[in-house]
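Below: one structure, written as structure tokens.
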Amino acid sequence: MSECKPEELLAATLAAQIPDVRHIAVGAASPIPAAAALLHQARSKERVHVTILHSRRYNSFTDGGRELFDAAAQGRIDVFFLGGVQIDGEANINLVGLGEYPDLTQRFPGSFGSPYMAFVVPNVILFREEHSPRTLVKEVDFVSAPGWSPEGVWRRGGPKALVTGLAVMAFDATRRCFRLSSVHPGRTAAEVRAATGFEFDMPDCVPTTTVPDAATLGLLRGSIAAKLREFYPDFAARVFPVPA
Amino acid sequence: MSSFSPISLDDLVAQVPDGALLAVPADYSGAPMAATRALIRRGAKNLRLVTVPQSTLQADLLIGAGCVAEVETAAVTLGEFGIAPCFTRAALAKTIKVIDATCPAIHAGLQAAEKDVPFLPIRGILGSDLVKHRTDWKTVDNPMGGGGDPILLIPAIKPDVALFHAPMADLEGNVWIGRRRELATIAHAAKTTLVTVERLHDGSFFDDERLAAGALPAFYIQGVAVAERGAAPVGLFGEYEPDIDHLRAYAKEARTEDGFAAYLAREAGTAKAAA
Amino acid sequence: MSSFSPISLDDLVAQVPDGALLAVPADYSGAPMAATRALIRRGAKNLRLVTVPQSTLQADLLIGAGCVAEVETAAVTLGEFGIAPCFTRAALAKTIKVIDATCPAIHAGLQAAEKDVPFLPIRGILGSDLVKHRTDWKTVDNPMGGGGDPILLIPAIKPDVALFHAPMADLEGNVWIGRRRELATIAHAAKTTLVTVERLHDGSFFDDERLAAGALPAFYIQGVAVAERGAAPVGLFGEYEPDIDHLRAYAKEARTEDGFAAYLAREAGTAKAAA
Amino acid sequence: MSECKPEELLAATLAAQIPDVRHIAVGAASPIPAAAALLHQARSKERVHVTILHSRRYNSFTDGGRELFDAAAQGRIDVFFLGGVQIDGEANINLVGLGEYPDLTQRFPGSFGSPYMAFVVPNVILFREEHSPRTLVKEVDFVSAPGWSPEGVWRRGGPKALVTGLAVMAFDATRRCFRLSSVHPGRTAAEVRAATGFEFDMPDCVPTTTVPDAATLGLLRGSIAAKLREFYPDFAARVFPVPA
């Protein structure tokens, strides 16, 4: 088995954040979360439904664009992944732009469904490969989706964890604070601290993120790579090249 | 039942008045790209786009070509090919007004229009900065609750025109939309619905319950034009995949205004735009 | 994806707890008559029916057999064959509670549950005596208006169980409902969805976009049983027509309680009921 | 051409109440309104859409049971027919029961969609064959659908006319009052007055309801009877027997 690639480590790490659930949904343009969801499915003893919006094969919605949101409202989607051009220390994410809205200095695509999914999905996993003071900021310029809500506001779920190219953090919505869970192999807690624009809790002893074992890598490179080739051909070709 | 006949693409887009509130679907549900190019050739102005709920190339072309005054959207992006260059330029330069929304709020607003009720309630979203800036959205205390339960109300979105591309129309003027039910919603919500299709189906979808399940009835539809590969270079569900090379090249070429003008002249036949 | 296997009719109806809020469709969208007879044989009790939005033979049998405590409905009738005799007797004798509603309010309540919002607003209905008696409905001043615009709010209807009959299920457990979209709505709104089907489809509906358009995804469905002619003597869309002679005879026979008991013993196999 | 049957007169009379419209919808178990709608369609120069809920062929709804109501809300249904076990002088209809609700002495099926359709459809035509003090009452025991609404209540339409086995009446929602429009051939205004439980306006000179002409009867007995045979076989066999 060759050495673990960063994408493989991230997929396995995201998969490790997924509790025992029935239905995992993955939004557009998210190949690593898609790999993580399929990995969780492949290792689960129970029947786990995976919806990959980007795909036709792994998308059995038939009630139009609203169905993802309605199904999530019904409590039928247990896990969803959200990114953020900026993510702050209270797990707020920004997908709109930099500057004082509407006088932006940089414009991003927009909030997509994040302000909704962050409330209705029990387990939201934040994912951003770039871990830098530019992406992980003290306070986002624009709150697309808030990471927590004041008492009295109906909210079923929200961010539970943040996975980056450097580390894994857990989010505590009551304390509105991240806590470092692990740093990826070869990285240090000090490095994470320096690359993070917000304060977070640091355990006395910071574990190293578990590297995927041979069985996990076998799944990723075998059946899961085969599936990803259908709907993320570019990603699959890059990360899981077919042996010549 | 069957006094239906399709019209030309130019006649179809002639039914989109300048200034119209125009609902268009996301890439996965029949982006009307041929009609978009025809709208650009016509020189449509001041369109107020509603993307259902997001858009890629279609919105970017219309914005870049100067057809758009404002856009209500959950996102405009070229997805894996990067930012939508014209949208981004226009938003920053404020040559268009961006009305930031979120996917389920757009669906809710259209469903309110479908029922002709003034609003639909929606959970979540509270605390998002969207709520601060959307003065047309309203937070109220849940009128069915015991107090202390804030909930957001989304006003009806009533498009003047819904415009999309679909695999086929039948001889009665019904359009087959398959499982892309948001196309039914925008047709229901809109005053006028205009559709381009790949081809005509020889018969009625209602002769076969399997086809009927995916049909949008003719009485919602004011015009149908045949436009083969009418969603290209975007894909069409069940018919063809996106033209990845085209989209990748566009993302690069449209980074400059000159590049965009050249693209438009070549792809939409707007010689003047390139001049 | 395909650890699905159908279960027996008795195991299916065993998943309908006594006292459940049970949503059932109208005749035109797959009345689960075989399952209804199985429920009666099981001796189900205190069911709270929600007819979507009305019912004929199904509600009448369940009521006559003593399975029902209350029914929310826009109408229970045998249509062209006259009144629903058991419903009418039980309503007058108050052995069941009738919660009178109207079709669009039932649809709205289910759509509210589908979105997990506490209510949907609905136009019209104001001034109907229904509003007087439905203390769970609420008239408010349109919170998005300028005042003086009363509008009715309908609370979410969240069935414990949705039960219906459909033409087919596939090998992944998806169920084909065609254009009977209210079946999708009740499945979305309900905690548990149980379905009887005419037959199994060898493959996946999602392998063919034409079939996919009419599919209800498996993840909404907790149980599927095969029941050939499972809607008879009511008809099934695209499959078979109602058995007119049967329904006409029922309307006559069930006019008396003895006649109804004889019908039930014969048709549902409830020997005891006839004793 | 043989003599006009009562059902033919009623169908033609209902059709005469239909203004120039694009879409007529007919609810369940309504063969005579269905015949009227098809007659209007056959005689119209414009394309008129007829939805007969009872039929599969003449029902192109694909969005479930709610679509009739949503389409009506959108203003896409111009004409709808409503019956009433009781109908009163203010055009209120009762489909629920007799007595003091919920202590009923007689129970009818229920209100169906009437409390909604009566508001959203511009032209509602009330139809009840039995014209008697029992059916046309001073005040209905239960208002399923009100015939009018106070100022300030959103309302697009409502009852415009009442057609019975005896006569045609027009409804004035502002004055909340019916006015006799015509009596059917062989009937008198006095007879109508005696058979009606509510007060109504009587013109000085009461016209006789127009009898369908030969062309109209030809349509009814020809193409329309053929269509009705599909979805109202019993009715069609009785009223339009196929010549031996």
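Labels A, B, C and D are assigned to the chains in the order they are written; within every chain, residues are numbered from 1.
Assume contacts are C-beta pairs under 8 Å (C-beta built on N, C-alpha and C of every residue); 3 or more make two chains touch, one makes a residue touch a chain.
Please read all numbers here as calculations on a predicted model, not as lab measurements.
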item: Centroid spacing, where centroids are CA-atom means, of chain A and chain B in whole angstrom; value: 29
item: CA centroid of chain A to CA centroid of chain D, Å; value: 59
item: CA centroid of chain B to CA centroid of chain D, Å; value: 40
item: Residues of chain B touching at least two other chains; value: 108, 115-117, 122-123, 149, 151, 179, 181, 184, 212-215, 237-238
item: Two or more partner chains touched - positions in chain A; value: 56, 61-63, 69, 73, 120
item: Arrangement of touching chains [line / ring / star / complete / other]; value: other
item: Touching chain combinations (by label order); value: A-B, A-C, B-C, B-D, C-D
item: For the chain B and chain A complex, residues of the former touching the latter; value: 26, 28-29, 52-54, 73-77, 79-80, 83-84, 87-88, 91-92, 94, 98, 100-105, 107-108, 111, 122-130, 133, 148-151, 179-185, 237-238
item: Chain A residues touching chain B - in the complex, by the definition given at the top; value: 28-29, 53, 56, 61-67, 69, 73, 95-97, 101-102, 104-120, 142-146, 149-150, 152-155, 234
item: Residue ranges of chain C in contact with chain A within the complex; value: 3, 113-117, 174, 181, 184, 188-189, 206, 212-220
item: Touch list for chain C against partner chain B, complex; value: 108, 115-123, 138, 140, 142-145, 149, 151, 153, 155, 177-179, 209-215, 237-238
item: Chain C contact footprint on chain A (complex, rising order); value: 22-23, 47, 49, 56-57, 60-63, 69-71, 73-76, 120
